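Below are structures written as structure tokens.
Both complexes below contain chain A, partnered by chain B and then by chain C.
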Partner chain A sequence: MAELITLTIDGQECRGTKGMTILQVAKENGLDIPTLCNHPWLTTHGGCRMCVVEVEGQRRLVTACAAPAEDGQIVVAHNDRLETLRQMTLELLFAERNHICPFCAMTGVCELQDRAYEHHITHTRYDYIFPVLTPDTTNPYFVQDHNRCILCGRCVRSCYEIAGVGTLGFGHRGSQEVVIADLGVPLGESSCIKCGTCVDVCPTGALFDKRAPYFSRARGLERKPSICPDDDLGCAMNVVLKSGLVARIEGWTEAPVNGPLLSYRSRYEILNEPHPRVLKPRVRKDGELVEVDWAEALDATAELLAKTQSGADGHVVGLCSTRLPYETLASYHRLLAEQCGCVDVDTFRGAQRATRRQADDLYGTHKECDFEAIQQADMVLLVGFDPCTTHPVLGAWLAKKVHHDGVPIVSISPRTTKTAELSILSLKPRRGSELAVLYGLLGQLIEQRNLGHLVDRLTAEKWRSHPPGRVSYEAGVEEQAVVRAAALYAAAKNPVILYGPDLTETGNPTLIGRLWEMAQLLGHVGASKEVMVRGFTTGANSAAAEQIGFRGADMEGAAVVYLLSGDDPVDLTPQLRQDLRDAGAVILQSAHDGPLVQYADVVLPSLKWSERGGTWINVMGVGQTFEACTKAPAGIKPDEWVLTEIGERLSAVKEAAHE
Partner chain B sequence: MAERKVLLERYDVPNIWELDVYRRHGGYATLDGLFAKSPTDWVEEVKASGLCGRGGAGFPTGVKWSFLAKGTGKPTYLVVNADESEPGTCHDRRLLERLPHQLIEGIINTCYAIDAHEAYVYIRGEYLEPYQRLVQAIREAEAAGLLGKTVAGQDFPLRIVVHRGAGAYICGEETALLSSQEGDKGQPRQKPPFPAVAGLYAAPTIVNNVQTISTIPHIVRHGAAWFAGINLAPESKSPGPRILSVSGHVQRPGIYEVETGTPFEELLYGLCGGIRGGHDLKSVIPGGSSMPMLPKDVILQTDTSFESIRKAGSQPGSGAVIVMDETTDIPTVVWRISRFYAHESCGKCTPCREGNPWSVKLLRRFVDGTARAEDLRILVEVAEAMEKNSFCPLGIAAAWATQGALKHFRHEFEARISHASAIAAGD
Partner chain C sequence: MPVLSDATRASIREAAGQYPPGRQKSAVMPALYLAQDDAGHLNPEVLREVAELLRLAPVHVAAVATFYTMFEKAPHGKHIIDVCTCVSCQLLGGYDILAHLERRLGIKPGETTPDGRFTLREQECLGSCASAPVLQVGYRFHEELTTVKVDALIDELLQEGADG
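Up next is the complex of A and B:
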């Protein structure tokens, strides 16, 4: 229980707890102390000097953002002397670079401008310096305009403290100081992961989005939380709306998984629509897709599905997107599995889940580790997983582990991964030789920690037959790398093993079994007894699909394929192309007029991410429910309505057949 | 009146920077008695000596040592501040160049007292020869078993790492120094936590100046009472010999080691041979460019004790005594000093980052005689903002230059307000 303290600020009695700063106590008690460089997400900087206050008994002024609040303290936060100093600080800032507000993207929502109004700054008594500073436009998503920068360092701190990369820093000194990327390279060529956190925290017009610079930060914006549909972490974000349009995406402090950190995909890419919307239903007539009304399209769909129901014309295959909410996935599954009696219902990339399911069948069900364990880990082994690419927020957490705590990461993947840059060691086995590497690691682990007595005969044979030399020969990795990777893993107290799509898409459950075995072995000698392994998939609602019962689909000889892709940018593999060409008929429910449309016989419009509401279950099994943020364009019906309509029509056809 | 040579006693011995020469002249004798007493005894001894830091702030050294956080589970570090960049200061350079072993002896003494096994010397980047001498001396000491896994055969490991700065004045400020040493940009850090609690690599750290550490062997050897007795000013609590770098308009500028309480009059007119070319004294900055200047009549009533200098309205600072005779133009001096601070400001806080360039431009108008009447008012206000509101002492010091000059030589500034502007302002 924190110790309660009472202090006086501007004559008002204020309560707080020990450990709070004077600024925090003032805020909690409804008192305003002006700030610029302070930000609730970040550590204190103390540089802008706006929040200086007088504390009785202290010779010098102190900054309220940094000074610890003490019981019985008497603080003066507002008087003429302090006001004069704050005015002088603002005057200096305004003369420093270029603050001609009418030409600025942030005018109206700028903290510097707000402070200037509050402190009655109408002009500066000193000539503007107007240094020549060229804006950096090399980042694809935002602009850095040094002319508006007040060197508050919020961006620098956020880049290290939240994004974990530490791309931004200060270059040069004194009035020549500028925010730089890496060692002074353009942002677009730097180590920046384009998370945009710096843009969120910048108080001025020095960092602003390219997409909609003028209306995206205006006053009177509405904010609605939503979920990123790209991966299974369950990252939530704030969708900022102006007149019902998405102005920008912002970090949302209350997001349970990711806090204010977002990836470039959930913040920026999600707003780029590569293809036009499907606005009206279409049906293929004489080889051409022609626009029809909803009734006709739904009838055509029901007819196709009903035909195959009799079983005479082959089977129906359903494939849908894991971006969809639980409710839609469930309705889709019900329609196909129950009403059409179809056994081949799955999601795109269903192999990722199938491999794990098979591992459960082979080796018994294992409860894998949670985010907490990943945060606590003192060593991370990545297998077939490139979080910096597929799960960027997890990638940023790992970057923080490396940069803040020096935690070693070892990466094993047949691809060249982005995460390898963070790794102390990365092994790149030939595709298909991953298992040899895992046996090699297992063997080294057993030898280095003397665990031979703990493994069964079969495993023992396997590892004995995989000494580093053989692994090196089979997999094309260095012998020493295998030894070192095992040593790093074996020496850790709380290691975690994370695997991803590159492992599960091999379809080989033995790989997962070996990882579980490695974790359990170390559990016998001091590490946690829990299985410190976790698999990740792409697609926000993979876990929901698994719960609902999507269990794999055989495309071979399909009479009808019903694709519910929504706004999923489906990876059109050569195999999928062939399967769609071979299918008797293809029904496509899609938000976009993308490459899938060419294969479709019926096209039904669908919703995109911001138009959907419902529940998403993340990789840890935690559900989050969000409402739709935007309205679908006129004429586009919700996916669930479409599924219900099809269901009713099917029942009608059935009844008609009975009569 | 003579100098009181303690640290500089062996200064002129040929090749004194070599280990055997230094040893022949009593070097490393402290190691005989050092380990016989407990570390805390030595902290108490240094406290009792009254030694105050020579780097600038003048904080009592033993007291600082006793603030070290205990039981943190982290190692304790000693960092020797050899960044000597304060304009006018050049004696640390001499101590490093000529008497590197005296510093190493002091480091060994200090590390034993504060239980540190790793010491860092952060040396000004431009000091190439002193750096080479110091590294050479460390190698010699290591080879002789004075550093390394054991020190003089005792179960006390000690390693000294020398780190070269890259030419920023602010890196002499202890927290900026630590950031720079860690590989970050040299910018001051928020205090608290003080370095003694969370300093280098967030571990308890003592930062002391080269001269401070070079003084320690003499206290270890002769005792606190001896040291406390080196004091001519009865009311002074900052005893001991102190090295001053005297520069400017005296006949014999140079470095002088004097007893605390030596009157400035004796220093300037006795040891330094008086003002050059028969000129009259105008003003003296007694502690490096960071401290306010004092006019002739004040400085001649002042002695070198910390207390006397503070009473006169300045600070002992780095011990750089900058002497200006009657030919000196004060606005030009202040303009020149301000340019230094504008150049060296680290950029972290608004008043110093922007206040300094403002001051420089305003002062230039006084140098040129084109100042407007309101420029004096703005100059005073900017200095006030910098003095009251800077993050670290650099911004404050920059303001002191202006404020000290305006306090004693305001008329010289007023005389530079352009006639036209004065008429326009109705003055």
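Up next is the complex of A and C:
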């Protein structure tokens, strides 16, 4: 229980707890102290001097954002002297840069502008001494305009503290001081991960979204939380709406998994729709897709599905997007499994989960570690995983571990990965020879730690038969790298092993089994018996699909393939192309008129991410429920409605057949 | 490929080791001095290498290097002559010293002699007002200057170059 304190701010008695700053106590008690550089997501900077207050007994002014609140303190936050000082601070800011509001993208939603109005700044008494600085437009998603910058350092702090990369910093000095990236290179060429957190925290127009600068500046915008459908971390975000349309996406302070950090994909790429919407149902007639009404399209769908139920015409296969909410996935599964008797229901990313399941079958079920274990890890071994590409938020967490705590990362992947830049050691085995590297590592571990007695003789022999020399020959990695990787792993107290889509896609469950073994061998098992290993996939709701019972699909000889892709940019592999060509008929429920449409016999419109509501379960089993943010265009029906309608029609067909 | 010598790299690591773990940021200034002495000036490759040696984000090194004027970011002559023309030196003939050097070296402040030996610069207060007028060559101060002393200094520096 924190110690309670009472202080007086502007004559009002305020309560707080020890450890709070004067600013926090004031805010909590409904008092306003103006700030600029302070931001709730970030550490205290105390640089803008807007929040200066008088504390009785102290000769000098203190910054309320940095000064600890003390019991019995008497604070004055507003009087003529402080007002004059704040005015002067603002005037100096306005004199130092080109803050000509009417031309600024953020006019109306600018904190500097707000402070200026609050403090009755009508002009500045100082000469304008601002230099002419060139805005940096090299980043694909946002603009950095040094002319509007007040050097509050929010972006610099967010870049290091939240995004973990530390791309931004202060360069030069005096009136020439600017926020620079890396060694002063353009943002587009820098180490920036384009997460956009700096844009969220910028109080002025120095950093603004390219897509919606003037469009989203008005007040009275609506904000609704939603989820990033891209990966299985369960990153929640704040969707900013204007007149019911998505203006831009912001970090959401209350997001349970990711906090305010988002990836470039959930913040920016999600708003790029490469294909037009499917607005009306279509049915293929004489080789051409023809627009029809819902009733006809649904009848056609039911007819196709009913035909296969007799059994004579072969089986129906269902493939579904893991971006969809639990409820839709469940309805889809119910329709196909229960009403069509279909056993081949899977997700587009089915293979990823299937490998894990096979590993379970072979090596016994293992509970894998949670985010907390990853946060506390003092060494990270990545196997076939490039989180900086597939799971950028996780990549940022790892970057933070590297930059803030010096945690070593060792990466084993046949690909050239982005995460390799963060890694202290990066092993690049030839494709298909990852297992040799893992044997080599295990062999080294029992040797270095003298653990031979823990494994049976045969296994030990197998591992010993992979000395670094042989691994080097088989996998094309350096001998020394294998020795060093094992030493780094063995030296750590709480190492975690993270594997990703790359590893599971090879369809080799032995690899996953070896990773579990490696963790168990060194006793890296958490309190609740989970191994310090975790696998990641790319679908937002893969875990839900797993729970519901999507179990793998055999596409061969399919009479009907029912694809529910929603807005998923499905990876149209040569295999999938062939399977769709070979199928008797293809039903496609899709939001976009993408490359899948050419294979379809029936096309049904579907919702996109912002129009869907429901529950998503992330890789760690954390469930989150969100409502739809936007309305679907007229004529597009919810996925659930479509599935119910098809179900009813199927039942009717069945009954008719019985009679 | 490292641009700094092995000896400099070792010295930088040693400098970093003098601070508690996780406080490598404190070693940025000493590391930059070492790097500058080795490489002549701090170009992006040098800065990147210092950042790598200290395991810091490059921007943290660039921020310090660009803030302080005593870190050279561009190529310059073998000897940099910084002449103080701030108040105390000015009153005691700082500008005469500067003008004399301009004539002697045939260059203006901010320029480098064609043979690459000298870069001449005008500086704000060097902090040695009691011994004005002063100038600084490298890390050494030359005080209570007269044109005769300046000529002797230049001769000495030229001689040094001829010996080397």
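Here is the rule we go by: the second predicted complex is superposed on the first by the 648 of 659 C-alpha atoms of A that agree within 3 Å, B and C clash if a C-alpha of one lies under 4 Å from a C-alpha of the other, contacts with A are read in each partner's own complex, and residues count from 1 in each chain.
To be clear about the criterion, a contact is a pair of C-beta atoms (placed from the backbone, for glycine too) under 8 Å apart; a residue touches a chain by one contact, two chains touch by 3 or more.
None of these values were measured; they are calculated from a predicted model.
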item	value
Joint occupancy of chain A by chain B and chain C, clash or fit	clash
Partner chain(s) touched by A:His403 [first = chain B, second = chain C, both, neither]	second
Partner chain(s) touched by A:Ile129 [first = chain B, second = chain C, both, neither]	first
Which of chain B and chain C A:Gly184 touches, first, second, both or neither	second
Partner chain in contact with A:Gln578 - chain B first, chain C second, else both or neither	neither
Partner chain(s) touched by A:Gly169 [first = chain B, second = chain C, both, neither]	both
Partner chain(s) touched by A:Gln12 [first = chain B, second = chain C, both, neither]	neither
Partner chain in contact with A:Gln480 - chain B first, chain C second, else both or neither	neither
Chain B versus chain C, judged by how many residues of chain A each one touches	B
Contacts of A:Glu96 with chain B and chain C, given as first, second, both or neither	first
Against chain C, colliding segment of chain B, chosen among 163-171, 235-243 or 271-279	163-171
Set of chain A residues, in rising order, touched by both chain B and chain C	169-170, 172-173
Touch list for chain A against partner chain C, complex	160, 165-173, 180-184, 191, 403, 405-406
Residues of chain C defined as touching chain A within the complex	21-22, 44, 47-48, 55-63, 66-67
Interfacial residue positions of chain A with respect to chain B in the complex	44-49, 52, 60-61, 66, 68, 84-85, 88-89, 92-93, 95-96, 125-127, 129, 150-151, 153, 169-170, 172-177
Chain B residues touching chain A - in the complex, by the definition given at the top	168, 170, 185, 187, 190, 192, 342-351, 353-358, 361, 374, 378, 381-382, 384-385, 388-391
